[in-house]
Structures are given as C-alpha cells and as structure tokens.
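These are the structures in question, set out in turn.
Here come two complexes built around chain A, the first alongside chain B, the second alongside chain C.
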Partner chain A sequence: MPVFKLCMKIFLKNWLSISLYVAIFLAIAIMISMSTMSEQNKSSSFSQEKAKVALISEEKTPLTEGFRQELAKSSDFVKLPDRTEALQDALFFRNVTYILRIPKGFTEDVLNGGSMQMEKTVVPNSTENAYVDINVEQYWNMARIYAKHEPKASEQQVVKQLKKNLSGSTPVTIKAHERAQTANSFSMYYFNFLAYTLSAVLIMGISTVMIVFNKRDLSRRNFCSPMRARSINTQLILANLLFAAISWAILVAFCFLLDSKSFATQNILFFIMNSAIFTACISSLSYLIGNLLKNLNAMSAVCNVLTLGPCFISGVFVPQEFLNSTVLKIASFTPTYWYVQANAKIATLTHFEWSDLEAIFYSMVIVLGFAIAFFALSLVIGKRKRLIN
Partner chain B sequence: MIIHVKNLVKRFGELVALDHLSLDIKEGEIFGLLGPNGSGKSTAINCILSLLSYDKGEVEIFGKKMTPDAYDIKRDIGIVMQNVAVFEELTVYENIDYFCGLYVRNKAERKRLVEEALAFVELEDFRKFYPKKLSGGLLRRLNIACGIAHKPKLIILDEPTVAVDPQSRNKILEGIERLNAQGATIVYTSHYMEEVEQLCTRIVIMDKGRVIASGTKEELKAMITLGEKITVETFSIDEEQLIKLRELPGIVSVEHVDKRLIIKSGKGTNNLETVLDFLKTHEIGFGRIYSELPTLNDVFLEITGKQLRD
Partner chain C sequence: MFTHIFIYRFKCLIRDKQLVFWTLLFPILLGTFFYMAFSNLNNEETFQPIDAAVVNDSAYQHDTQFKSVMENVSKGKDRLFHLKVASNREEAEKWLKKDKIKGFFTSGEVIKLTVKDTGISQSIMKSFADQYRTSSSMVTSIVKENPKALQNGLLNDLGNHRTYVKEVTGGSAEPNNVLNYFYSLIAMACLYGSFWGMKEVTDIQADITDRAARVNMAPVHKLKAFLAGSCAALVILFVEILILLAYLRFGLNISFGNRAGFVVLTALVGSVLGVSFGAFISALVKKGEGLKIALLMVATMAGSFLSGMMFMNMKYLIAAYVPPLAWLNPVNLLTDAFYALYYYDSLHRYALNLGMMFLFIIFFCTGTYLIVRRRKYASI
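Let's look at the complex of A and B:
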C-alpha cells in the first residue's frame, strides 16, 4: 500500500502545525473546565454559612452559657471590648455582622415568663444573620416553654433538655429537579469546542495530503503507473479516515482525562456518537477542499475561514440562545450548527426515550447528510479534474 | 512497433493542439520529438499515455490499444515529466522507492532497483536529502530516477533538461544513451535541436500539432535545398564585392552582418575553396573562417519560415 504509507508520512510531517491546534484547544478546554467546575460546586453542594457574632452577656447563668454553646454551632464568635465606638467600628468594617447583648436579669425574666428582649445590632441585609435570629428565637422560646411547663426543673436541667432537643440536624443535599449531570458541564463545552479543533485538525491534515497528491504532475505520475485508479483512491480515503479516527480518538480521550465523571453518564455516549458523525462530515469536507484547492499557501486561509466562520455563527463559542435568528438561519446551512444543536440537547437529556432522542437523531442525520454530500461532490470533482488534466 | 499513433486529434476549445498526428516508434530507438514551445509535443505525450482524452485517433503501445485502464501496458512504461514531479515531504531515496513501489511490490527487488537508480543518476550521496535541498540539476536527475527505477521497456522523457546547467545536461544525455544501450526504447521531446541531433536515431519535427518532417537527422537535412554554411570574419567588404560573391556558382545567399560574412551554399556543393580564392583575389582581409553543415534549425526554418526557438 505505497499510497497509504506515503499519506501517513505526510501526516507525520505536518504533526507540528496540527498539534499546535490541539494544544491551543486543550488550553482553552482546561480553562473552561476550571471555571465550569467551580460553578458546578457552588450550585451542587451545601455548606452552612456562619455569621460573625459578638456576644456580650451582662450576666452569667447556666442558661446564658448553654445559649453561648448552642450559638457557637452556627456562628463564629468575635471578642470585642464593650465600648460603643469599638462595636460600631467592628460593624462598619464587617469584623462582625451581629452584636447580641444579654441584659442583666434576662434569664430570670425568661424563666418567669417575662417578655424582656435581648439587644441586637446587625449589618443590614446580611443573610447569615437570619441563622442567628432563628437560633436565638429557638433557644429562648424553648427555654420559656420548659420553664412554664416544668417549673420545678433547675436551670441546669433546662439547659440539658435544651441541648438534647437542639442537637438534631438535617443533612442537606441539593438536587435540582430533572437536571442532567452533563447540563452546562465541562463535557458539553468540550464537545462543542471540539467542532473547532476537529475542523482545524482535519482540514489541515487531510487537505494537505490531498493537495500534495493532486499536484498535476504528481497525480499524472501516479496515474501513469500500473496501480489502479480505484486502488489509489481507496488507499487515499483509508489513510484519511485513519487520520480522522485517530485525531477524534485522541481528542475524546482528553475529554475523559479532564472530566472522567461525565463518562459515567449515558449522555456521554451520545456526545461521542455525535462527534464521530461530525468527524466523518468534516473529513468529507476536508477531502472536498483538498480536491478543490491547488496550492498549500491558500490552504491555511481557507482552513481558518472554514473552521472559525461556522463555529462563530453556529454557537460553538457563544451559545445559540444568544445568537440572532438570521445568523442561526444562515448557520443552519453548515453541519456545525446541527452538531452544536445536538450537543445542547444531549447535555440536558435525562430520559432516553425515543421521544427525547428523536430531535438528537434528526440533527445527526442532517450532519450525516452533509458528509455524504461533501464526499459525493469531492468524488465528482476529483474525477472531473483528472479528466481535464 | 512500440508506439503506433494514427490521426490523433486533440482540441482545447477552438485551439487544435494535435492535428491528425501520426507516429510510429520502433523498438530500441531513441525517438526525438522536436518542436518549438507550444507545438504540441507534451500534449501528444499526454494523449499517448491516456493522461489526456483526445477527440479522434488511435494509440497503440506494445501492439495493444492504450486506454486509461491499460495497466499491463503501463507496467512497462517509465515517464519523466517536463516539470519535476517528486514529493517534497520525502527524501531522495524515499521518492524513488515510492514511485518504484507503484510498479514493483517485492521489497528486496525494489531496494535493489532503487539503489541502481540512485547509482545511475549519481545521487547516492544525496539519498537522505529532501528535494528542497537539491540544486536544479540534481532535482532533474531525481526526476529521471523516479521515472526509470522500475526498469521500463519504454521511457518517455518530456523535456528533461529544461533549466539545467550544461554539466547536468551532459550527464542526463549520457544516462539516456546508457538506458537505450540497456535495451529501453526512448521517446525524447525537446525544443533543443542540439540535444535531439546528438541523441536521437530518428526525429519528428512538430509544429502547430502537426508532423512537418520526420526521419533520421541525415534524412531531414537532405530534405532541404541548403548545403554548407560558410562564415567568414571580415571587417570590410563593399556592396559591389558582395554582388560578385553572390554570382559565384553554387552560392544561394550572402549576408554581411556584424562583421561576419555568412555564405549559404546549395545542396551538394562545396564552395569553401571558391570563397577563399575570391577573398584573396579581391584582397579582402579576413580573420577566422569556418564551415558548417545545415542544422535541424535550418530544416525547421526552411519548412516553416521561422526559427525553432521563435
């Protein structure tokens, strides 16, 4: 298979320029992964916020001590001197967001069913303070109830009961309703960006080989030989397909390395399938470009136009929701648009019924249609060129 | 007959590139296709090799009809293109190996053939060089090696010495003679009449897609009315003396250009002695004097009225 081997040598000769695209892509992908990962952590995990509280108690009773211990669970205590100026400064500079003062005789008033209030000074609109309010209310209301219903109980006993009752906690797990794991995930962004990298890598690799082979004198020399034209073409196609498959596999493997969690989902199978079809389509397009272009100098310009153009208007870099309807209408004449659309649907997939998958397969079939059209066109042009030459 | 071409017609729109071209090339000869640029030499070669479709005519190679699918015929043909057709991405060795590999599958045999081709074009020291690093002459030699490595019976060389320095040109011409001596039939196209004259056993002169003359170089020269051409370096000769010189028997024309007297004789006459006597009698001072037989350019000039390199 001399033609096949030669193609492989030409691919290897161009590995540097091709790998440059891959490196740039991976750098962008890693940056995106970092930002999306941190966003995901914010929305999918729960940790209780703690308010910075200055507790000033003018009396020391078992109940106020119990209260201090209970409040410590949801607050960080900050020690402040009991001077108005110091307290105001602490609030202003946000050293504390809540100042709570237990006035003298407060415990006795509570135990006697009185309505004495604690003094509080807070930073306005601070969400953490809500927790402190709840804890304060909860503790002292419960103390009032115990005092009312068990008048013989000592303060220590009341504290013990309160501690027992308030020790219960509820674990919180945030689970958004019907939200797929891959929605807005790294994988979704990665597979969208893959449209750009795959286009650049494949056009660069396949078109280069085709342009070299289609040089008039070289192609004449090949077709003067006893090697059948069909065999030469088959070897060329095989070599290009192998290159496309290897490029695709490497890029998908990187996704696995960077976001292996997503590979546990069923969605990833559809991402992979969609990208494989897109790879076939871009391979055909590259084959066509290789048959149309005459010199390598024009190729890098064509490569940039054909990779960046469709990516910009099809929603690879900017989500399709933000794009103008006219732009999207124009984009729908490119396979990239349908690829991105399928990716967006795959990312939010939670059920895998035919009704959910239908739209995805529809997009894939369109991309496949583009692939067949490009390939047929390149065969016709290739044959016509050979006859004219 | 190795190649038989009959009434080949090729049109490019309005332009008739080949106008009922007929050729017969015999086994073992070095056949020259001579003509100015644009005379249809390369088009003829491309049609013969089925690289170009043609409008009319017949082409037979090795006694079989030549078609784009005649792979058994192609096996015994070697082609050296007018332009250097090698892969920039491959070294000298890899290029020869690749083109040889299109004909020879056996790896060991191919290796031997590639080594022989390298030695033949004297590129052994450049085997690891990429084409970019080679000079024009070396590139041409690589181009030839790629076309002949598989030891074809018929070698077609389409202007292989264009833009080549004299040293490389001589090497190429010597190589072609050696290939012919080894048994290959050579078809050589060129617009350099000196090369064709030196190399070819039989010549066809083409112009405007037609054969205007064919035969051995002696036969071609015999076609024209001119004989020898005498050139005399002289400084002064007056108009009256020129008229008298023209009137001498056997003289066809006399011109005095750039202090050189060019005297053309009729076919079969020998006027050197007569001219020398005339110069002495009329006391015309002269420097060098030399006599040439007619060239293919004279043949072309007489038939078409224009120079080969027009």
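Let's look at the complex of A and C:
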C-alpha cells in the first residue's frame, strides 16, 4: 500500500505541528470545561443564591450594621475602592451587580419618617437587582414601622427586634428529581468543546495531506502510475480515517483521565458513540476541503472559518439555551448543532429505554447523514477533478 | 518619487488576497459570529416575572391576607410573579416536574415553598415568603408591646410600602458587558495589521526577498522607500479598520458611545500601532518568515486573550491583580480605549491609554529605524 505509507510519512513529518494543535486545543478544552463546570456545581439541598453587592456606608449606626448583617444572608459583599471608575469597572464586568450607597444621616431620617433614599447603581433591569431590592427595602420599611409604633424603643432595641423577626426562614422542599451523574459534569462540557477541538485538528491534519496529493505535478504523476484510482482513493481514505481515529482516541482518553468518575456511568458510552460519529463527519468534511483547496494558506483561512463559525452558532462556546431561535435555525444546517443537541440530551439521561434514546439517535443519524453527504460530494469532486486534469 | 513608490506599493500590497482576508474579512466574520452568539446574553440577565404557583386549598382560601399579597405582587407592569393557581398539590407538582413553574407556595401555619432546583428565581421566591413571614412576626411583636398600634394604623403602614433606594446611573452608558468582545475584536484587527508592517520590512531587506533585492538596487533613499511603503500599508489598514467599525456600528448596531471623532482617532492610532509593531518584530527577527508570522500571531492572540476576547473577565482580573500587564499589552490598551470612550464620561482614562499607545509607537518606530538603517549587502 504505497499511498497509505506515503500518507503516514506525511503525517509523521508533520507530527510536531499537528501534535502542537492537539496540545493547544486540549489545553483550551480543559480550561474552558473546568471553568464552566465549577459554576454549575450544585448541591442537593437548597441554598440561597447570593448576589454580589458592594455596600458603601457613609455612616455607621446600629441600624446600618444590623442591615449589613441581614443583607449578608442573601449577598456576598465585594470590597471596592470608592472611586467612580473602579465601581463602574466592577459593574461592567459583573464583579458586582448592585452597588448600594447609604448617605450620611439616612438612619435618622428613616426613624423620623423622612423621605431620604439610598442610592443604588445596578445592571438595569437585572434579576439580581430585583432580588437584592426585596431584601433591602424590607429592612428599612420594617425599621420605619418600628420607629413609628414603638417610639420608645431605642435604636439598639429596634435592631434586636428586627434581628429576631428576620431570623428563621421559610421551609423549602426540594423535589429531588432524578439527576444524571453526568448532567453539568466536566465530561459534558468537555465533549461539547470537543466539537471545536476535533474540527480544528482534523481539518488541519487531513487537509495537510490532501493538499500534498493535490499538487498538480504530483497528482499527474500518480495518475500515470499503474494503480487504479479506486485503490489510491481507498488508501487515502484509510490513512485519513486512521489519523482521525487516533486523534479522537487521544482526546477521549484525556477525558477519561480528567473525569474518571463519569466514566463509570452508562451515559459515557453514548458520549463516546456520539463523538465517534461526529469524528467521522468531520473527517469526510476535511476530505472534501482537502479535495477542493490547492494551497495551505487558503486552507488555514477556511479551517478557521469552518471551525469557529459553527461552534459559535451551535452552542459550543455559548450554550444553546442562550442563543436566539433564528441563530439556532441557521445552526441546524451544520452537523455541530446536532452533535451538541445529542450531547445535551445524553448528559441528562437517567433511563435508557428506547423512548429516552430516540431523540439522541435521531440527532446521531442526522450527523451521519452529513458525513455521507460530505463524503459523496468529495468523491464526485475528486472524480471531476481527475477528468479535467 | 514618493507618490510613485506609494502607488506601486499600494497596488502591490492590496493584491495580497490572503492578507486582506486576515485583516479585513476575518474580523468581520468573527464579529458576525460574536453577534450571533452573544446577542441574547444580555436578555438572559433581564428580570422576567417568575413563573410561580400557589396551591389553592382551603388553607389558602382562608388566608385572605396572604391571598391578597400574592395577588398584589402578581399584577401590574413590575410584577414579581407570573402566578398560576393550582387546584391541588398534585397539579402543582406536575407543573413543577414539567418545568412550567419554578416553584410553588403552600399556605398553612407557615408558608412553605417547594422547588426543583436552587437558583436565583427560587431564591427570590424564598425571599418573598420570608418577607411575608417576617412582616407578620413583626406585627405580632409590636402588638404585644403596644396593643394600640392596630388602632394607630399599623396595618395601613405595613401596606404602605415605601421605596428606600433610588437608582442612580454610574455614567451615561449602560454596563453592557458583551461590548467588550467587540472592542477587543477591533483591537485584534488592528494588531493583525502588523502583517502589513511585516511585509514592508521584509520587502526592503535584500537578504530576505527577491523583491527587496530589486528595490535596494534602485537609486532611491531607503528611508524614503520605506516610508512611502509604510504609508501605503497604513492607509490600507486604516481603511480596513474603518470598514470594520462601520460594519459593527451600522450593520450589527454595536454602540461606541457618542464621541465618534475619538473613536476614529483611536482606530487611526491603533492602525499605526499595528503597522509599527509588525515592522519592529519583522526587523528584530532575522530568521525566516514563518517564525515572524508565528510570533506576530502568538503575540496578537495572547494579547487578545488577556484583554478578554475569549473570556471577558480576563480583562478585569488582569487589571485588578496584574495592572502592569494591562498597561503593557497593546491589545488591551486599544480595547480599553474603546471601553473608556463608551463607558466613562471623563476622558482621563482614554487619554492615558492613548498616551501609552503613543509611547509604544515611538518605541517600535525608533527600534525599526535603528535596526533597518544603513544595512548594506556586499553579497547575498
């Protein structure tokens, strides 16, 4: 199999640049998956969500201190220097979502039924804004009522009363629904991100080989060899598939090393299956690109656009639930969209009956359809090219 | 002579389709992808009335106070809940299971909340229930101390909710954090312009390209040839950046604040920075073109990463924990200049960024000049 051997030689010769690609994308994949996962780490009991609040108090009274303690139940305080730009920066990058300033003389004014107000700077109309507002307003409204109806009580007493009233909390029952172990796990994010890594590595690697073969003189030389075109093609495809399989295996193996816990579940089988099908699809896409393009420079442009584009619009970088429906409709014309869809469903699988799996297989079949379409197209184009040559 | 060289360099450069792709089309495509992926992120943050339910059992019907409070917070424009009334517990649980509601309340001696997950909506529901419970506990304790309070309009005062916070804006612009992606994208495009600068230097060093060897033969002062060429590169890059800006502003409706003149000025300074950076690296590195390209690529990408193009909070983290890195990163300077123009009312920070960029430009230009000048080729 001389063609096959030649392919291997080309791969080996480029192994450094290709493995550099694998290493870089692997590092990115791991970093991103780790950072997304930690946000999602949820426990099974109810814990109150905490908003990020910067509290700047220009006075220190028993009431403001009591208020600070109460607010701490629903907020994490972020310490910020009291400079406009620092505050604005923090708000822009969501280091805080609510900046509250208590002006001097505020406590006294509230207790006397005055109309002084605190100042808040927030992300307009945000959910966290509504959340913090509830807790802030309540405290001071209660203080006002106490001051009015128990005029004899000192400020300290009011604080104590408020503390007593505000202690204890509403009983919350969590309807523990069955949750798959892989839901929001490292594996899920990793396999999603694999769509980007695999696309980049495979398109780069496979097209590198194909472009060598498509050099005009070289391909002419090959045509006049006593080998049949079919044999040449088969060997080429075999070599590319081998490369794809190895890249895929390396990438999946890393997931095993990093999240071996998920590997004990049944879900992982489907993740692996799904990614294998996707690998096949991207391999045939790369084969097509390799057949179409003539030089390496054009290839890196095409490679970048074809890997980044679908990943952005089909939910690899930004989860699908954050994308708007028009974008998702456009994305559904790419295999990446269906791959991500299947992944999301696999991650939450708890039962493995046909009714649960149907939707997953449906997505996989679509990806497979893309694979066949790309492959058929590249065969047709290859044939045409040969005839024209 | 200057015009002559300028025109021919311009023609020569603009025919490099690959460079035009990377410096113009690629940023435009990436901007489009950003737009498609991030346009919904801000809406996600916006508060929507929470889908909540209450179980309409006999306890709820008798608890008129709770009932009226629930109805009160579920109507009007600023309502807290999108309330559904379930006829019994089973129905509410069914809704919860199907994700139709975030949680439901059950009335009784104490109000109880049932949810499926922990999250901000659920926390708001809990805070609401807490508030209700706290208010009644307050009424009890006040009445115990001061039984006349009820006649003095305690309940009236309770219902008479007063607002103790008013919203003040930090500046004239909204803190729309998605914008940072687009600002760093423009910065990246400017720095991609370094490829033009690189090409200029490559084309006057006779030991590197044939074209440079030919140019060096001509009886033209080298500095003149170089300046004319650099001007051509700069004009091309600046026009490209302007096209990108126009596309972002008018095509994708990305806001840049109200100071259009300064935005264009920043684009110009960014272009000069890009070209001079490329020229400097190209003059500094004597080895082959591949290495130069790789260096420029890595520098630009690393700079973009640190200014938040891939992960937005990176910019804030760097500014908070390693401030020198923020000031020494040209991509960040450019990003920050656009950010300051959009977000701050004062031009102080913008001026600082611009000043820092000028320092970089002077450094790159002098460096390039010192390296490239008086180079003679006895034999190649």
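Quick notes on this one:
Following the convention adopted for this analysis, the second predicted complex is superposed on the first by the 243 of 389 C-alpha atoms of A that agree within 3 Å, B and C clash if a C-alpha of one lies under 4 Å from a C-alpha of the other, contacts with A are read in each partner's own complex, and residues count from 1 in each chain.
Convention: contacts are C-beta pairs under 8 Å (C-beta built on N, C-alpha and C of every residue); 3 or more make two chains touch, one makes a residue touch a chain.
Quick caveat: nothing in here was measured; it's all calculated off a predicted structure.
In the superposition on chain A, contact is made by A:Met227 with chain B only, not with chain C.
Applying the stated contact rule after C-alpha superposition, one finds that A:Asn129 touches chain C and leaves chain B untouched. After overlaying the two complexes on the shared chain, residue contacts for A:Lys9 are found with chain B alone; chain C is out of touch. Between chain B and chain C, C contacts the larger number of chain A residues. In the superposition on chain A, A:Met118 makes contact with chain C only, not with chain B. Note: no residue of chain A belongs to the chain B contact set and to the chain C contact set alike, using the contact criterion stated above. Within the complex formed with chain B, the chain A residues making contact are 2, 6, 9-10, 13, 212, 215-218, 220-229, 387, 389.
On the side of chain B, the complex with chain A involves touching residues 46, 49, 51-53, 68-69, 71-72, 74-75, 77, 79, 81-90, 94, 98-99, 101-103, 146-147.
On chain A, the positions that touch chain C within their shared complex are 35, 42-43, 46-49, 51, 74, 84-85, 87-95, 99-100, 110, 115, 117-131, 133-138, 140-142, 144-146, 148-150, 161-162, 164-166, 168-175, 177, 297-298, 301, 304-305, 308-309, 312-313, 317-318, 322-324, 327, 330.
Put simply, chain C touches chain A in their complex at residues 18, 21-22, 26, 29-30, 33-34, 36-41, 44-48, 80, 93, 96-97, 110-124, 126-131, 133-135, 137-138, 141-142, 145-146, 149, 152, 154, 157-158, 161-171, 174-175, 177, 180, 311-313, 315-316, 319, 339, 343-344, 349.
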